[in-house]
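Take a look at the structure set out below.
Per-chain numbering from 1; labels A, B, C and D assigned in written order.
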Amino acid sequence: MNSEHFSPYRADGKLYGFVCVVTGATQPVGKAIVTELAAHGAACIYACSSTPDEPYAQLAAEVNKAYPNTKVIGYPYKITSEENTLGLIDDVLNSWGRLDVWVTSSGLLGPPSIAETSPSDLRKCFEANSMAPFFALKYAPPAMAKTTPKGSYPNAAPKDQAYGSIIVVGSVASTYGGCWGPCFTMSSHAALGVVRAGVSVLKGSGIRINCISPGQIDIGVDLKGFDMRGMSSQLPPSSLQGPEAQKAIVGLERAGLPQEVGRVAGFLASGFSSYITGANLVVDGGASVMNPLTVPI
Amino acid sequence: MNSEHFSPYRADGKLYGFVCVVTGATQPVGKAIVTELAAHGAACIYACSSTPDEPYAQLAAEVNKAYPNTKVIGYPYKITSEENTLGLIDDVLNSWGRLDVWVTSSGLLGPPSIAETSPSDLRKCFEANSMAPFFALKYAPPAMAKTTPKGSYPNAAPKDQAYGSIIVVGSVASTYGGCWGPCFTMSSHAALGVVRAGVSVLKGSGIRINCISPGQIDIGVDLKGFDMRGMSSQLPPSSLQGPEAQKAIVGLERAGLPQEVGRVAGFLASGFSSYITGANLVVDGGASVMNPLTVPI
Amino acid sequence: MNSEHFSPYRADGKLYGFVCVVTGATQPVGKAIVTELAAHGAACIYACSSTPDEPYAQLAAEVNKAYPNTKVIGYPYKITSEENTLGLIDDVLNSWGRLDVWVTSSGLLGPPSIAETSPSDLRKCFEANSMAPFFALKYAPPAMAKTTPKGSYPNAAPKDQAYGSIIVVGSVASTYGGCWGPCFTMSSHAALGVVRAGVSVLKGSGIRINCISPGQIDIGVDLKGFDMRGMSSQLPPSSLQGPEAQKAIVGLERAGLPQEVGRVAGFLASGFSSYITGANLVVDGGASVMNPLTVPI
Amino acid sequence: MNSEHFSPYRADGKLYGFVCVVTGATQPVGKAIVTELAAHGAACIYACSSTPDEPYAQLAAEVNKAYPNTKVIGYPYKITSEENTLGLIDDVLNSWGRLDVWVTSSGLLGPPSIAETSPSDLRKCFEANSMAPFFALKYAPPAMAKTTPKGSYPNAAPKDQAYGSIIVVGSVASTYGGCWGPCFTMSSHAALGVVRAGVSVLKGSGIRINCISPGQIDIGVDLKGFDMRGMSSQLPPSSLQGPEAQKAIVGLERAGLPQEVGRVAGFLASGFSSYITGANLVVDGGASVMNPLTVPI
């Protein structure tokens, strides 16, 4: 998509002037989302991560260099803290006067087997995967409903009507079980529950909330060497299977790329999805609708 | 269904000799489930409830009188406690030598509005609605896989092969939002997640796990007078709407009865559903597949 | 389920006095349904099949012998004919004065590959798999709503209130694609559409309509030798995979049996499912909620 | 979305050089799709319609004027004809050397009540709503897999790898029943079946197929005056309800606009949805996940 002819991205693009929050921003999928939002002209992106020593600086530098009109702000953030969430929203409004997009993309996989899953593991996954979206649903909309006159803040465009899009990046574990453990399936279901509950909560506000459920995403890391018991902190299990398995069970015969999730987030963030809310966008190369029996006939 | 001609219930019926656990047993839906299991010949039912002063004695007396071959044991039980769950299973095996059916029917509705929903509310609902099923999935199967020779225990029939059915009574809030609050939608989704994760967990064990998602169930209580903020402890929101609303939005034009949920539990408990696992049985009088626009054409 | 202790079936059972129609009655799944309805005490079953030379006599003889209180009537029937459907209903009402249960279980698989699928194949599958349920939905309810006084007809019990249950036996092809061809997926989806449309159509009538979606059912025939191009006339593709594949992809690690579909039909036919309508009961041993990636971890 | 700042559309945009087919192109939703594809830089759009006297000329003139780099070709086309489909593909390849996007957006509503629905009505709806997508799935992919060297055709960009996106515009009637008749629910389900079957059919080809399921779309026509029995030929039933009903049952409290469906089609047509296939994008303002009971609490 980078030929001389194809140039859908531009500084005055579909997210022009938007102020965005992205959690999990230093993970592969989060990075791809930040980059995508910047490419479409977002004025500002708060790149949040719960780990204090994550390489914000590098991400911000890279994105700022490629998209000089977008300001990327590394922001240390504990997603399971209500106070942190409120503090972040205050910062956003004080600095920019508006909030348009909130993407939660931080996930916790949890132990793979039920035997090793403790109530404490469950609580951690629940907080990481579904309480963070809950906080977004509870606190972001009033900020998103705020309008701002022209010129009152640097960079951000004036906002003359309420607009907001909340995007919960979950997993296909929101609809079935799999190679991941019960923690992940349960909390991914709960994350989808936030989206579905959100339609009522947001009724009449004009603000939308949607879920992205990625399937196998290649995050460039071979998880086989990981100590899975150690609560690997990353998005939907990827690289768990070799290319042969992917070929057998995925319609497109390959894992997805973080950018392919990022692009869907860009679509949902923008007005191009203006009548989509409460939806679960499955981004899995067709795996979930292709019965495994299909292959060897 | 009580004519002179219709007698599907009998002491040597489809649950003959089964040993069962039912949580939430003193609530209307739980009571109906206990009664249904007894009617089909269950040898023993542990009627569990988290509230110490619930009227176990009355329930046990009523059911024992109607079905003298079934022993109903009132059992105080904190569903969110791992220790309590393990203790209960020990008691069951020590007394009866087998475990066949585990029904979780205790639910917590939570606050109706997001403004009044705190992280603590979320945790309570999550524990009540999805951690209890998780404990059942983690600890009941080894006990269900145990076989027992003839005559070694009173009442319970000999068990010569592994058999087990776990039934999670949730809500239609497992698939969409509604008049209930975000807590309930989120934790009902998570409960369905236990069921879906359970198919992998139980693979090859022969033990099954399924969800029942009741819609509007008339529990004989007018909830309008309730302080909903007070975390009413009961199953899917019922009686929230008057008969006119039910007529407009439910295919069968009425709320369901607790017995109608109980009967589905009886089906899932028995071998009559032997190839059903991982399923979500929606018991809602057709409300979820009938678009509201249908009515006034 | 045939121990000395287990006797849920009886002549005065849960379908006592019911008059039933079953299409596809001479196929393995249809036979199992007829037998199940008889075992629960149905007064009469019209065992319908579109192929004139099917062995009705044998089926009727077998079932009548095992369940002498049930009359099984072999009935040649073209399911795609509106006239045949109306004629059958007339016969039922003239002979028995009531109609309670209608099960469509005749299916057509169609060609396995799209290259070999013609518009004519599509039409045939559509007619067999979804027009037959449509005729049931259109014409059976008025007959089901008819009540009859005591004693006016032989065998059938008096019917003092409207009762009816329509059961569409489809396939998991109602929710995803698979090793079967596009014809089968398309027409299985359309059959589920009849059920979902049916809730509105039947609103307030008290009559219910539900779908059973079986997964891999072992019909005792090795389909590998079949000329699949030849439009094999049978229910969901079974025996297409060997036991190893079943072990890998089905939670219960085996194909289902026709009786296991039959029992679900018995449940849906009876008052035990009285608040279930518009539902899709997936009977697939858990295959559809277990991601194939689950196995090799 | 047309402020001085927002300019996501451009002649060298995300569909630059694409050759597209759109059926139902003279209906409101079809027009919006044609316009959207043109706005993103499509080289050529075959605007197809089954009605010979439809105002192609006007549509082509309008779009060509607004987007001079896109050639819109009005094309009379009987969607239920295999020959017409093959002829159209021949024309496309002969004139442009490539085919990238195929959108079926022609729909037939059918009679609203089952009493008035004949087998002939069913066949017509089935052909219009699901056989047309089937023909696209069967015949478009080989054409989409064709690559073309630079400069060999006017306008269309060179295509150096297989690319294709098939988009079936259906209805929320693909997942539940409603105010429309059984014809529409059945054939909308079957159309979704084409998409789900399509993942297997297209496995490994790189070509994608997806469904858009619009809810209430305001097509600018008050259908209340229509003779619905007369088989109105248009997309999902809209304007059937007044603004009060929309406010009560739609999360966004309004009907959608044809452009809002068009934009989703533009997303699915482009590489921005490159890992989405087999999906059903519900575009309904949240109506399907918001239980009607939600409103009056």
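Note that contacts are C-beta pairs under 8 Å (C-beta built on N, C-alpha and C of every residue); 3 or more make two chains touch, one makes a residue touch a chain.
No experiment lies behind these values; they were computed from the predicted model shown.
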Open item on the list: Taking each chain's centre as the mean of its C-alpha atoms, which one ends up farthest from the centre of subunit D?
Closed with: B
Open item on the list: Tell me which has more C-beta contacts between its two chains, B-C or B-D.
Closed with: B-C
TODO: Quick one: report the Å distance separating subunit A from subunit B, using the average Cα coordinate of each chain.
DONE: 35
Task: Length of the line joining the C-alpha centres of subunit B and subunit C, rounded to whole Å - done: 28
Task: Whole-Å separation of chain centres (CA-atom averages), subunit B against subunit D - done: 44
Task: Sites on subunit C at which at least two other chains make contact - done: 176-179, 196, 199-200, 278, 288-291, 294
TODO: Could you please specify the touching residues of subunit A with respect to subunit D in the complex?
DONE: 1, 3, 5-8, 10, 12-14, 16-17, 40, 157, 195-196, 199-200, 202-204, 206, 208, 214-215, 247, 251-253, 256-257, 260-261, 263-264, 266-267, 270-279, 281-286, 288-291, 294
Task: For the subunit B and subunit D complex, residues of the former touching the latter - done: 112, 172, 176-179, 216, 237, 240-241, 245, 248-249, 287-297
Open item on the list: Please output the residues of subunit B touching subunit A within their complex, sorted ascending.
Closed with: 82, 114-115, 117, 119, 122-123, 126, 130-131, 134, 137-138, 173, 175-179, 181-182, 185-190, 192-194, 196-201, 278
